[in-house]
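Read from first to last, the chains carry the letters A, B, C and D; within each, the first residue is number 1.
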């Protein structure tokens, strides 16, 4: 088990003939992901390392049974690519592209709701169920299969946390990059619900940051969870009103502060690490407890 | 029982301060329909024969529990009025207005599907469950409660048929005016399904006409029905390519001919009357059969 | 409202759809000038709202401006399938590598627009086998997205740059459809020629009920002068080829009246729906127009709902007292205010029947007598 | 991109929203002319992208053109909440019967636009009690319909002609929101005055990521010259008030680096996200810019994913060999191509740490030494 993607996931890469798309298609293939097709309008008929390239996602679904898509196309074409994937019948769409207009993201999410499709991103490093399926741009050598689910708003920081966990002997069931934008397809609470249901996942790590209210919503949900949750939040030192790299990482009009998030999470029983590398020891503590309580 | 509207229906009249709206609001009230509110933007606070007038349908629903709306507003405002009613949470919207742009009708129907609301019309005389509830502009003295369901694309012709039935001693469970436009909320097949489920209805009369494919669809459905169906179709003498008053009544590019409809209906076991007044005797024949078979 | 090909192409061109070089004219000298400015071979196309123009001789090729003029002289003013040709469109002759069909209509059953495409361009879409047709319902309010254009193009077997151009034209055709409140818009054929894609013929039917919000669109009126006159009064009227004028209230009732009339051997001269609660004045005017078509008899068939029988009676009396009735008028009058109406009629020497059956038989008999107009 | 009030009002006015008579100027003489042309009492409003302008003295009334000029002389060039005032807006003074708030933002949780209205206009919406606020999620792709404007207006307790005008303005504000790709647009207050309804203050923040499709919109750049310079390179950069320059790859990593730095007593001078797979040249340029801010030390914290450690090493070497490092540079370098990167650094006299912890402690210590810039 794992969440969202696993060994049955068949990936189509949209934008496969671009630099990013071709590089990461090969990386995913090398990792063992079932990359069954690529799409690049007007370039149907080509091949990339044996991966057939089509003009439409529809063909990739019809001919190759693709059930997940990953999007590498430039921001101005990303909306159309995402709508195409959603319409074509895949169940997961991972949008790597950054700087997608906010209104486009809103529209994509509305269409995904209508069609019952799970969107990861935009502006995400992707999703990986170690040992089963990698869809995205993350350096996969840092992950190992195991009992910890990770959901993160930021990429590199989640690598830091995942590497620390792997180094401490805690592999991951699935690592989900929610994306750094304000409007994303999966928020902490959505992913927490899935981890709570997943038998393989024994505990969850949230890698959050200032801005928005995703951490506060997560805290509400955690109160009813049976699995332990650990968090690290970035942005304690960030001044209000300054966008810290991510569109979503901004303390605007007094909302989304570091303090409100820590308070909400700690109030829900979440152990909040004060530095990224502390996450591993907190996971050790809480998973130790879980294992003990399971043994009773 | 009856279909769509009955003694529990509480009606809000949109456009109640107009000539048509005020006249027919009074007529409906006189018939015994529970007309609980009127709506006329900017005229909230007025009254019409004790019926309170509000600015929005939302208020009529909140304050008076309206669960059905009837629309008398001019064509160019009808789309907004219909969307308002659908959004406000009524379960039935009857659109009397004629000459509503086709694209507006398409949009209204899409919104109604999204919200699960039943739309009757546009360009309909309305719907009546005799003795229970009248929503529309029909001359109600011609109806009587009874076992026959009627669905009609045209108004006056359905009056002719209903009067003949009443005259022959066959009252009606519900009479539904589908509307004379190409795109309408309820088609024959939708209403047939409801009549088939309604214990009070023992047989159904369809009053159809040339144009479109509603009669052919109905024929398909009738094949699986347990209740007898009688039909009269207008337009045998109409030349192709000429719109016969209704936007929907046109034989265009060889489709929707009188002959194809009669063939389909007769093929499904429907008795098709050759003149309007023949409907009553056909109903007598088929209902007699039904009663006999029930008595066995 | 159906637009002539040259008007439909003007509009499509404004939306970015490539159309052949050319121009419309109603004068042979102008045709010659246009053909000369285009150069080379041209096609002269009769502008008439009829199907199958090609087979009927409405599309002809000319290899010189003089020949184009000659063809136009033959077409202009002539009748094509019963319709007078008032303009011709002169265009460059296209080299044709492949023809496809693309159209957008309304699927009334699904209450949604539907995009229809086929690799068999040039044929009427009704004649193309269903398996060669690509259909895609367009879900409102989502609409047509660029990727759908690509999906359709792919299903037509087009790819590469030409596929991209066709996908783009499909999107633009959808813009025409939505922004012009179209009932139907078609490009047939869409011609592929040396890697270019051009709309060789175009159809655009605009919803009459939406014209009020399209002052930017040209107006084309179809119908006889009498039809247009009655239409301008807000009533529905259709001319037929019989000799009994028919007025009824409600479209269904009017159609049924024609049917019953025909059943009893009568031949309807027209169809007038005077329903919808028309008042005395327009009803009287409409009856006057019926008289002006010189029928052998008039049948008035009213089942009063919103229409009040006394108003109908007053309209008839008004006509009798002003222009008079030179032909038999047979009346069936029941429904709202029936007694008052019938009584008014009696006072003015009219009789009224209670059933359609009786009235229809009576008018057929009356029309069988000698023609009072001769 | 936040637009100045006068620009936001220009745009709203183009969408049909009534705004006060007035005009913006950057010169006191022009202010006097504008005030004279308006006549009567005017208001002079400092154009600065800060909240709470009124309380900070950025909004003043003048009863004569001369007084308006005097006020403008005081405002222009002065600082309002730390931001230099370069323009003032001069407008007619409105008589105020009632003030309401209307705004459209994005509810990121629901991934939908949300319309917010309140009868308590003039206050920051955050300070209005929740029960006095009307919220309505806008469902894409359906959008806002006219009736929703009426429903909101009714909930605000407005009716009659004024209610109709406010409902109409709500619809137009929605058009501004959608057609300008806004993140946020507000009218606060929307002033009701003698039956007229006027947008007395306006806010319009446009999505930076959508600017490419809005050539028609004015451009407003916010930030220090260095921030704008780094932004133009496509990197994220924020100036802070400390003395340790920070470069990291990835926004979350950069934020975490600042946090850890602060935890160990260091004071970050800035935030530079050099992630996203930037190549050697822009990274070297970015490091040069960090140096130009004259920090006491530089911390480079890289967890290589798409960013390759050897590229980071090459960028550092390039800077060392060209402009040189006058301050200590502390490097943490792990991840993709780590060995090659670390080895390159060693060859050029740099040391690299393996953990954030060590590197952060080291840079704080290094910055604690004497300031090399003095």
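What to note about this one:
The rule is simple: contacts are C-beta pairs under 8 Å (C-beta built on N, C-alpha and C of every residue); 3 or more make two chains touch, one makes a residue touch a chain.
What you are looking at is a predicted structure, and each value in this text was computed from that prediction instead of being measured.
Shared contact partners of subunit A and subunit D, listed by label, are C.
By count of C-beta pairs in contact, B-C exceeds the other of the chain pairs B-C and B-D.
Computed centre separation for the pair subunit B/subunit C is 27 angstrom, with centres defined by C-alpha atoms. For this pair, subunit A with subunit C, the centres built from the Cα atoms lie 56 Å apart. Shown for subunit A are the residues in touch with two or more other chains, namely 111. Shared contact sites, meaning residues of subunit C that touch two or more other chains, fall at 141-142. If touching chains are joined by edges, the resulting network of the protein chains shown has some other shape, matching none of path, cycle, star or complete graph. Under the contact rule stated at the top, the pairs of chains that touch are A-C, A-D, B-C, B-D, C-D. Those residues of subunit C that touch subunit D in the shared complex are 141-143.
Residues of subunit C touching subunit B in their complex: 51, 106, 108-109, 111-113, 124, 126, 139-141, 178, 181, 183, 207, 209-210, 212-213, 236, 238, 240, 248-256, 258-263, 268, 271, 273, 275-276, 303-307, 334-336, 355-357. Only residues 41-42, 44-45, 55-59, 80-81, 83-84, 87, 111, 114 of subunit A touch subunit C when the two sit together in their complex. Here subunit B touches subunit C in the complex through residues 75-76, 98-107, 109-111, 125, 137-139, 142, 152-160, 163, 180, 182-183, 187, 207, 209-210, 212-214, 217, 232, 234-239, 242-249, 253-255, 274-277, going by the rule given at the top.
Listed in rising order, the residues of subunit D touching subunit B in the complex are 142, 145-148, 150-151, 154, 159-161, 163-164.
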